[in-house]
Amino acid sequence: MSAIVEVRDIHKRFGENEVLKGVSFEIRKGEVVAIIGQSGSGKSTALRCINHLETINDGSIRVCGHEIGSPRIDLRQLRQDVGIVFQSYNLFPHLTVRQNIMLALRHVKKMARAACEERAERVLRMVGLWEKADNYPEQLSGGQQQRVAIARSLAMEPQVMLFDEVTSALDPQLTGEVLRVIEDLASRGMTMILVTHEMAFARRVADKVIYMYQGLVWETGGPEILDNPQTQELRNFVGTGL
Amino acid sequence: MNYHFDFSGLLPYWKMFLQGTALTLELTLASTVFGLAIGILCAIGRRSSLRPVSAACGVYVEAVRNTPFLVQIFIFYFGLSSVGMQMPAAVAAVITMVINVGAYSSEIIRAGMDAIPAGQIEAAECLGLSRPRIYWHVIMLPALEKVYPAITSQFILMMLMSSVTSQISTEELTAVANNVQSITFLSLESYIVVAILYLILAVILRFLFLLGEVWLFRRKRVIALARRRLAASNVPSIPTNTNAVRT
Amino acid sequence: MDSFTLVQFEYMLKGVGWTLILSVISFVLGSVGGFGVMLARVSEIVAVRFVTTFFIQVIQGIPLLVLLFIVYFGVGIFGLSVPPLVAASIALMIYVSAFLGEIWRGSVQSVEKTQWEASECLGFTRWQSLRLVIIPQAIKLSLPSTVGFLVQVIKSTSLASVVGFVELTRAGQIINNSLFQPFLVFALVGVLYFCLCYPLSLWSRAMERRLNVGNR
């Protein structure tokens, strides 16, 4: 079965500090994978290596046919194939919600204005924020901004979507609306990798859970490993609910 | 372009250039010292709770910052001599420079003082420190340390500004260039040489101020020294209570 | 000795007009130059960055008066005889380019790095990111400093009097040479400059306050 994301034995150093010590995993099309672990386990770094936000020192990554380590990589195409949603949403504050979504469609995908507006409307309706299309990001709540960020990434019609702790910066009562959108995307068959602290959500939505510890994949399996951890470290992790 | 640069024609006048440089340096250092004093006083005055005092300081600062230095010099030099107060051009130059840099410095110092967190002052009060001591140790000294780079930049700017005093015949560096080029007609060369001399002066001043910073502010010295020791001993993290810590 | 009458005041106001004209010319030309300087400073080509940094360091490290003389006499060696307004404009344009370029570079670099990340991850090229995302935000951040610098420009035009351009300061000198009342004349000149500069200073400070409120 061909994997859409293949991560093989990647190593990543920040100066003296080796953050990823040989991480490998595979993700099939349509799978929803949750990567969990303590702060400092390397999970965000691993995610950011997949779309070339961080470069790897060793090992290989293949995503949607792109060879990440290769110098001839088509970064523009990679970035269209792999979307990412950040913890701090990173919306463009000087543009309205609608403009935020349309900007890349116009200038990267070079779509005509009418087609951009159509797609912007479609994704905004999908995340339930069509009525806010002409608002500016600062007028929205954190949860709304994050949903717009998801819509912005979704509009590019990526093959894989990465989510980097997207609810960690939100007040607890706002995480629900974001998680609902993610769950909806999952049911539509989007391939997703989520770095998350939301255990209950991972249990419900993920097809596969990867537990990282000190820069390595420590334990992996279906969501049932959260109820039945095989290793002591995962047992501690789930037990303390960190 | 048929122009041939003739820098050698300036060589006979090297002494004049040196004297001009010396006077520029003297003007700058004098106005640095007195300008800093005025700046501190005016910053305190601006923050005063007495309305007339803070208003007066405010008027002074705004008047200086919103009028050209050249005009300030004319008002001072020609204005005062017209009411009978004659003084050498260099003195008028220094006084005007002090008034000017004092205003700019006071704003910088005031910003530094305003930025001291209220929590620090509260903590000092709760420790029972007297008001004057709090003012000096908790507000003024940390503020001065923090704004030191900004203030010394201002002083270097003042040195460049001193060139304007050539307009009232102060014999500083730019005036020397004016004189030399009127004798030799090597105008472009004179001003290029003087430009280079100003650049060198700025480098020297920056170096002096850097030395001053390390000497004045012991905390920075101590921290820098500790950092260097840590790097040299190749300890990967802050050592705990082991006896085997190498220095 | 004449006394200060409306005639003299009108002459001063003419000087104000020329001050404004020189200020606007210098600021506009200098903005174009400054934009180029800013782009060069953030360029990915090391040589470009190096040359630009050198240029900025030199211009910021010499007195404006000396720069003015260099331009004035420098233009002369090309055999051209230019009016003082042109010489002053060129010198001020160079001066403004260096300073505005640095101010704007600072603004571009103070836009959050995460904005670069977000636009890169949407597939924008570096130039597209700059043009569509970073610079629009940098402009907003740079407004207080830019307007503040405009005040500097207006004050700097007073030096054009030294090369014979009849702006406000020179007008004051000419009037004083016939009236011999320097206190009155130059104080009035100062007041006129104040009227030009102070509103801009207030505006710059108001904009800065508004910016800081937004960045709670």
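Observations, loosely collected:
A, B and C label the chains in the order they appear, each numbered from 1.
Keep in mind that, in the parts below, a contact is a pair of C-beta atoms (placed from the backbone, for glycine too) under 8 Å apart; a residue touches a chain by one contact, two chains touch by 3 or more.
If you're wondering where the values come from, they're calculated on a predicted model, not measured in any experiment.
Considering the contact criterion stated above, no chain is in touch with chain A and with chain C alike. The busiest chain interface, judged by C-beta pairs in contact, is B-C.
Each chain gets a centre from its C-alpha atoms; the one nearest the centre of all protein C-alpha atoms is C. Between chain A and chain C, the centres computed from C-alpha atoms are 46 Å apart. Work out the mean CA point of chain A and of chain B, and you get 52 Å between them.
The distance from the centre of chain B to the centre of chain C, with each centre set as the mean of the Cα atoms, comes to 22 Å. Every residue of chain A that touches chain C in the complex is listed here, in rising order: 51, 53, 75-77, 79-80, 83-84, 86, 88, 90-94, 103-104, 107-109, 138, 152-153, 156. On the chain C side of its complex with chain A, the touching residues are 114-115, 117-125, 128, 132-133, 136-137, 140, 214.
Residues of chain B that touch chain C in their complex: 1, 3, 62-63, 65-72, 74-75, 78-79, 81-83, 160-164, 166-167, 174, 177, 181, 187-188, 191-192, 194-195, 198-199, 202. Residues 58, 61-67, 69-70, 73-74, 76-78, 151, 155-156, 158-159, 161-162, 169, 172-173, 176, 180-183, 186-187, 189-190, 193-194, 197-198, 201 of chain C touch chain B in their complex.
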